[in-house]
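The following blocks contain the structures, represented as structure tokens.
Two complexes, one shared chain (chain A), two partners (chain B, chain C).
For the complex of A and B:
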């Protein structure tokens, strides 16, 4: 009798238990999912929806135009030029910022405790507001009164004194230099943290085996840091693809669109031309480009991953 | 004890509630008068409004110029604009009006004829859209003129040029002396647009732009007047008339003015607000500062007296989202009442009212220039719909950079105009 009751109750108890087991993760995940949906999925969908409209963003006068904004985008030379500039910026960022940051990190790491003041000094550029920095460097680059051209002229190299922000050939490079200067400290700190976790025994053992300093760096330290380097490279690429602030402040994407980035072009389209629909198309395209490149980059760097 | 506290809290709460019920209605106001003098004028005007209209309270926000342009657009987009807002009339205001977000002031002004007649008739031009008035002229009257360093001119035996060939001579002489003829900070593109607007007017007369913008028969942005204006502009660039770096220099950080102050450049084409900027930045330089009107072009249709400028800019309007539009109208009235007009005059700003008593000789000349002008061309970048205005600025900067031909620029403008101005 007793057995019989238990037999009957068993399946339902198990079901209840299973139900509870399934419910728990759902409950725990719900707040995170709700946040994600509200602040990520919904805005993304909304922005894609806006990209299908012709709308100035005011009132109820939007017109559904299907994919015609996207058709315009595909043939928009300004957009492709901007994308090219973003990619260029990404390449420069990775090739300039990471090696310099690594060099600084190695030097500071080697200097040990005595380098605290230097660490703080090197870290300063990152703490400046981009807008203030942009205004300062606008004056530094001023072809008539700026210190750069003044120094070049005094040193007898007036041919090198250029119209840094007003010439189509130099504007992007001039701003990129400031972007690098501002961001190097960030990667420096990242690498320093990585180096701090480098076990000293490894270095001692290598030294005993007669490894030179450069061998220790290339064969031991760098592989040890590869995860950090990969993260840094991804951050630099993604940051460059959605870059906005210093370009906006220093050149506004000019002169004549020479330093236009996707983000500055989007801003101009929405807020100066009042084309919210087309601006959203640019924003959505930017999202696609960044996601694709980031995904591709992750895969690519994974292939080179080795066990340390 | 607990109970007493609770009762006290309840009583206090009910008092607060009663107070809230009697609290005055708030009228929000956004403006761009961030300079101390201009700000004080509006502050006092709002206080006069509150005094004359018990039960209403003004809530003011001052926002810097360029940030304001973005902020007001977002506010209207979210349908939460302030009751009273600053604007530039023209294309941007037209976008808000088209969306039904701005109060038509015509009925108010019809009832208030004496108030309306105080202003110059042209002061309502750029806020009148399809025969209805949407804004009151508030702050200033501006003409675009060529400011020059009179000391440098005297030193090199130069006199203000009256015609285009004379201007080219002046450019040549200054160039030979190692002085840049013009200071131009064209990063934001609108300063360069001023040269283009004047050239179009001098070559094709007011009709060239008017017909093109209204898409009247025969009107086109590819009209020979626009192409020729582009050519003349590039002629000036090729003659080396502009100080180095012009397309990258930022007007907002004073990059063009310091060229003047240092004597590295001799002239600049700018709105007459420039003289108050110079007065604030470099009072010493004011002694050397003088101005002349943009030269005429032989054979051109535009009269020598025509100016590029604005009458009444900025303007004050009321948004449709405002719950008390009548009070808001009273508020903008008080912002351009007699005391504020007089206070602005003290601050070297000319509200376009009739019979303004001006004592400053330079200001008198500006007012005469505007009052005598057969035609005042409003800035293209404010007058045109935003998208076309953006293209206008882009093409003119490219003309300055010599990376686009005048024909190309004209064709681009007309292609977009044909698409937008239906």
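For the complex of A and C:
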């Protein structure tokens, strides 16, 4: 009798354990997957769906127009200009932010005392919200009351004083300067971590072989940091392609569209012109551009890693 | 070898680099000094004296005025939204990270790949659908409207960081717990959660700071001063104080103060936490 009970209980216990083992991943992942589907996957699909409609967002009066929004987009000079600005921002970010960040990282890596304080102070801009930075630098650039023009006037170069954010030729550059100002410390810390992992034996060996400091940097350290630099470049490019906040706060994409980015154009089309369909077409196009470039970039950097 | 050395650009000397470093320090700090000083000037001062002149007297009236006109409501909303979001993010991402790091199931690898890929999605593409959804379910213009999108947008990077962290927890600990009769749920609670402290702290700091400063979703999903978060206080006050420069910069100072104070207490942790979201290749 006894054996009979254990014989029957055993399979059911195993089955229960098996069941728990199969069910566990589902239960652990369910909340995350549900949220990601609701707020990421579904909106992503919905955006492409909306891109096929003509709709002002109010009521049920949407009209299915097929690919005609996409046909308009291909010929839309404002969109291409905005994409151009995004790419320009990406190039400036890589060519300005990374070298300056590398120079600062090299200094902090060498300077023993004082470097910690410098690092802490350099990092401050990253703590500010984009709205706060926008308000700060709108005042810094202010043509009448701002410190930049005041300094130029005092230095005897009033001709150089400009309406920085109000002038078509300067607006994008002026905001790009703020973006660099805020992000350089980020890349500096990234490079600093890379430099910290540089094995000191390598440097000693090179010095024994008579290599100069500059040779050590260009021939050994920089190649050692190759992966970090590539990652930084990719982050800078992706960040630039999806940039929105500071441009929106400081110039709103203006004057006359001079500093328009894909995201600000999308925002304006949806929430100012109430063209939800066409705005979603812009958003979807932006998604495609970023995904293609990121996928390409990721092939180059090959792997993901993080440090906790 | 010699030709190679000749063609390489020379590195600047130590003196030059230090000069540049101090110049960069000035570039970093001067705008912030300008903000604090100007916020303490009277409005008359900004018209009468040059920008770099010290305030003729410290005028705290702007700060008092802002604190009395609803600023604390923005602060309360921010604390609520960020607090609730970060709590949910930690629980949900720790669970998912554990499953992806340690449990065996068929779609583990592809699912992890998808979550990593989600880190690069430009969130703006979700803005309009989430706006419509929020209006549809009646959460528009409430602080609750932000929590769902905030948690979801933070999950990919949080799961990624925590999964990488949990993969480094020794398998022996897990096996020992298994021998003691622990199932996956008990192992998660008794082994992985307690040992993931540093990873959890990093995820909390990283998301806490990003969500504290988040702008576009807060801007689109809420509209009245009573429901908006701190970054939006600047936006709303901008209409009110459009020509009052010191008052505007006082708002900037007040909204930025909480993070600066937090930073004063834990610079290393915050720097580390904010860098964790970046990919290292």
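As a convention for this text, the second predicted complex is superposed on the first by the 251 of 308 C-alpha atoms of A that agree within 3 Å, B and C clash if a C-alpha of one lies under 4 Å from a C-alpha of the other, contacts with A are read in each partner's own complex, and residues count from 1 in each chain.
Convention: contacts are C-beta pairs under 8 Å (C-beta built on N, C-alpha and C of every residue); 3 or more make two chains touch, one makes a residue touch a chain.
Computed from a predicted model, the values in this text were never measured in an experiment.
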Practice item. Pick one for A:257: touches chain B only (first), chain C only (second), both, or neither. Key: first
Practice item. Check whether A:274 is in contact with chain B, with chain C, with both or with neither, and answer first, second, both or neither. Key: first
Exercise for review: Report for A:139: first if it touches chain B alone, second if chain C alone, otherwise both or neither.
Suggested key: both
Check your understanding: Can A:176 be said to touch chain B (first), chain C (second), both, or neither?
Key -> neither
Practice item. Quick one: classify A:165 as touching chain B (first), chain C (second), both or neither. Key: first
Practice item. Please tell me which partner, chain B or chain C, touches more residues of chain A. Key: C
Review point. If you stack the two complexes on chain A, which partner ends up touching A:266: first (chain B), second (chain C), both, or neither?
Key: second
Review point. So, A:90: does it touch chain B (first), chain C (second), both, or neither?
Key: neither
Exercise for review: For A:237, select first, second, both or neither according to whether it touches chain B, chain C, the two together, or no partner.
Suggested key: neither
Exercise for review: Using the superposition described at the top, list the residues of chain A that contact chain B and also contact chain C.
Suggested key: 57, 135, 139, 142, 145, 271, 276
Point to revise | chain B partner contacts - residues on chain A that touch it in the complex | key: 56-61, 135, 138-139, 141-145, 163-168, 171, 251-252, 254-257, 268, 271-276
Revision key, fill the gap. Listed in rising order, the residues of chain C that touch chain A in the complex are 4-5, 8-11, 14, 17-18, 20-21, 24-25, 27-32, 34-35, 38, 46, 50-52, 91-93, 95-96, 98-100, 103, 105, 108, 111, 115-116, 118, 120-130, 132-133, 148-149, 151-153, 155-156, 159-161, 164-165, 183-185, 188, 198-199, 202, 209, 212-216, 220, 230-232, 234-235, 238, 245, 248-249, 251-252, 255-256, 259-260, 263, 267, 270-271, 274-276, 278-281
Check your understanding: What does chain B use to touch chain A in their complex?
Key -> 69-70, 73, 76-77, 79, 92, 95-96, 98-101, 186-189, 243-250, 253, 255, 258-259, 262, 264, 385-387, 389-390, 394, 397-398, 401, 403-404
Check your understanding: Where on chain A does chain C make contact in their complex?
Key -> 17, 20-22, 24-25, 28-29, 31-33, 35-36, 38-40, 42-44, 46-47, 50, 57, 100, 103-104, 106-108, 110-111, 118-132, 135-137, 139-140, 142, 145-147, 150, 154, 181, 185-186, 189-190, 193, 212-215, 217-219, 227-228, 230-231, 234-235, 238, 241-242, 244-245, 248-249, 263, 266-267, 270-271, 276, 279-280, 283-284, 286-287, 290-291, 294, 298, 301-308
